[in-house]
Amino acid sequence: MLTLGDIAQRLGLELHGDPDLPIEGVCGISDDLPQHLSFVGRPKHARAARTSAIPAFIVRPGGLVDGKSCLVHDEPEYACALVAALFAPTQYSQDVAIHPTAVVDPQATLGAEVRIGPYAVIGRGARIGARSVVHATAVLMDRVVLGEDCVIHAHVTVREDCVLGHRVVVQPGAVIGGDGYGFVVHEGRHHKIPQLGNVVIADDVEIGANATIDRGRFTATSVGRGTKIDNLVMVAHNVQVGEDCLLVSQTGISGSTKLGDRVVLAGQVGVTGHLEICSDVTVLGKSVIAKHVLHPGTYAGIPIRPVAQWKKTVAWLNAQAKQADEDGA
Amino acid sequence: MLTLGDIAQRLGLELHGDPDLPIEGVCGISDDLPQHLSFVGRPKHARAARTSAIPAFIVRPGGLVDGKSCLVHDEPEYACALVAALFAPTQYSQDVAIHPTAVVDPQATLGAEVRIGPYAVIGRGARIGARSVVHATAVLMDRVVLGEDCVIHAHVTVREDCVLGHRVVVQPGAVIGGDGYGFVVHEGRHHKIPQLGNVVIADDVEIGANATIDRGRFTATSVGRGTKIDNLVMVAHNVQVGEDCLLVSQTGISGSTKLGDRVVLAGQVGVTGHLEICSDVTVLGKSVIAKHVLHPGTYAGIPIRPVAQWKKTVAWLNAQAKQADEDGA
Amino acid sequence: MLTLGDIAQRLGLELHGDPDLPIEGVCGISDDLPQHLSFVGRPKHARAARTSAIPAFIVRPGGLVDGKSCLVHDEPEYACALVAALFAPTQYSQDVAIHPTAVVDPQATLGAEVRIGPYAVIGRGARIGARSVVHATAVLMDRVVLGEDCVIHAHVTVREDCVLGHRVVVQPGAVIGGDGYGFVVHEGRHHKIPQLGNVVIADDVEIGANATIDRGRFTATSVGRGTKIDNLVMVAHNVQVGEDCLLVSQTGISGSTKLGDRVVLAGQVGVTGHLEICSDVTVLGKSVIAKHVLHPGTYAGIPIRPVAQWKKTVAWLNAQAKQADEDGA
């Protein structure tokens, strides 16, 4: 339990109101919880804030909420995220840094303050950077390199030779470095092409639960700095994802496709192989990208077209549908 | 091996025919197996039953099958499910209730007759209800609460503070309580919003293999009583799923959407965030729900429309396609 | 490190050029790596090969590349796959065949040269064929049968009574034999039908990371010889997949559907239940199969139609979209 004053001090924020206010967590305005801190992201939310049971808010300069204690920050939601970190609970408690049941190869190297949970397996020649946490049952195979301040959750598999940067977070069950889907036909049957490449993940990447990122066939599959990959996403072999991309849940990217920076693929998007998607492209959910995308912008559809075109097509199809319905009636 | 008489007695069913008939399992009519028990769900199946190699059937009152031994129940398929439970095989044998290799925090509490498999990990403050089974390698992190008569399969992860009710079944590899996909932009980059909420799952819920249910951002993601979630389904942070819903494989529900009761989403459906779907809505496979659904009924399409409209649209499109084909010929 | 001469000798290939050339790996032409061996699959690639930094290529008879050392094979890509196997790295090193932390039931039987990693769990009555490798944390439950020369990766779950053939490869996190999605309504609620069947996987099958193959309700779900299943694919209960099929990532097949041989389903395809898909059918990505497919050929669309028809429909729709766009302008 912290006071509002504690929080203001830790983040160096200007405080208006009661510094002794007890704060037991953060919440959204609609969560409407007493003894919590929330934020006013937009002026239109000020009224809901004022009438809520929430005692304190982070607000923009000049955005004080009548009758509430306030902290001031230019980016209230960002500041609220910083405060939330103060309330993060423990995930798996253990009294020792390296749990006695962890199998760490003698030829693996661990940085300072590394924590490893029960039944984690660290392969020969693996290197784990300072302050990284490897949770229970996670498996890092031979020669995996993990940067500093990473969090690898339970049941994650990182296969041999994959390289992860600093501050990478991998949610439970994700698989990094599984074999790519590569086969060659010989005498009418599919024969496996040994997948000798690896996966290289840059700093500040997050990978969602049960997502899969396949290793390259002969070289690397790569994910750029700051990119966030959601649950159950599939990134195939030799794909190159740029920086600060968002790949939303259940999206799939086929082999050897290249994404630029700040590409946003909403949920369940499919991308065929060997394509180039330029930077600053946003694609709405369920869409299919089957050709190169050379111009920044927002697209939608199966296959995609510019979103304005797509909306008109959908409206027109709905009209046709209603017409067909009336004709049928 | 049981006799038909044993089965009639255990379920208290009226028997017509040979009580000494040896029964080694249950099957569907099309499986056509000797020494098995099947059921006649609909009158039209009686002929196939009569001509099959199956010696015994569960039938409706008055639905006896000539030349076969029969048990009588108003709901033959349901009765067959009860019989099937008599033939369920062991999954992982061990001679002790708590396998010696399980890591159970001293501050975890286990109910009567709890069974825990090898290499399972139970965190600090976790509570497991009577008769629940935690299979090999499953991980329950700090303060997880599990009700009575649950089955948690291999490689399941339940992250900190999540709460599961009674008789909950979680298939292998499912992840409950992974971080939601929540980021805030600061200086042009995506920064993680700590996900402080949890997942609350009511009684009699089943969760499929490798499905993922993310924890809420500040509050709870919730799944209502009796809801069945299939493999590889994604339920995002702060989603609220009602009671007795069916979410079929590879369906994805985006953040903060609310589903009523008895909502059926067929395979590969996508639902965008912050929507309200009322009770008694059924949506066909591959559809996209992008707006609130206020009226019960059956819908289909990308985006969805009432199924009758959608069928006419598809028929009309197929006609256009054929026309285009002929024009092209 | 091998020399080109070593490689020629091991594969029995005709060598033109420098047998002492050091080769440290294989690569694609576009990877353009020194000290690597690549292949010329098509005559049109010869020029890129000649101007690359790659010192050696596998080529078709008569396809020698000026200024490069060459090995000759009728199928260069296939030969390159054979060479790649010579460079496959270790995945998890251990000095003993059966890691001391593996839990192997005394009533399980292991063939010659079986290797089992740390924290793997082998159930009662399980049988593992000669030379198979079970990686760290993999779980094979009671009575699982695994053939010879199989590779089971980390965090794989094979549930009770499932049967895998020879040379089967299962990537990390895949679940074989989870309960099918089978429920029966009784008094308005969904009750579980115990899933008593199993999964039977033939020889030379590969199963991708986090894919799920459910056990049959009363009988078997089956996958035919040589079929390759990609990451995050869902194969539901009682599905029967033929031989040499390719099921690409995130495809889902509903219960009791039968696929013939050499069926190719591209990424994110959905197939409804109780259908028959004949042999030699190819379906493009994101398509939906909702009816029986009786004729070999290539199909696409939601729902599918012959690909030529589908292409014309898409072209026609795009024209409509542009028109709608101009009208709107």
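The first chain written gets the first letter, and so on, giving A, B and C; residue counts start at 1 in each chain.
Here, contacts are C-beta pairs under 8 Å (C-beta built on N, C-alpha and C of every residue); 3 or more make two chains touch, one makes a residue touch a chain.
Keep in mind that this is a model prediction, so the values were computed, not measured.
Participant: Please report the smallest number of touch steps linking subunit A to subunit C.
Facilitator: 1
Participant: Same or different for subunit B and subunit C, where same means more than half of the interface numbers show up on both copies?
Facilitator: different
Participant: What's the distance between the Cα centroids of subunit B and subunit C, rounded to whole Å?
Facilitator: Taking the average C-alpha coordinate of subunit B and of subunit C, the gap between them is 27 Å.
Participant: Could you list the positions in subunit A whose residues touch two or more of the other chains?
Facilitator: Those would be 119, 137, 155, 173, 210, 232, 250, 268, 302.
Participant: Would you tell me which residues of subunit B are touching subunit A in their complex?
Facilitator: 101, 103, 105, 119, 121, 123-124, 137, 139, 141-143, 155, 157, 159-161, 173, 175, 178-179, 181, 183-186, 188-194, 196, 210, 212, 214, 217-219, 232, 234, 236, 250, 252, 254, 268, 270, 272, 288, 290, 302-303, 305, 308-310, 312-313, 315-316
Participant: Help me check something: in the complex, which residues belonging to subunit B touch subunit C?
Facilitator: Spelled out, the residues of subunit B in touch with subunit C are 25-28, 31, 33, 36, 75, 77-78, 80-81, 84-85, 87-93, 99, 101, 117-119, 135-137, 153-155, 169, 171-173, 204, 206, 208-210, 226, 228, 230-232, 244, 246, 248-250, 267-268, 285-286, 302, 314, 317-318, 320-322, 324-325, 328.
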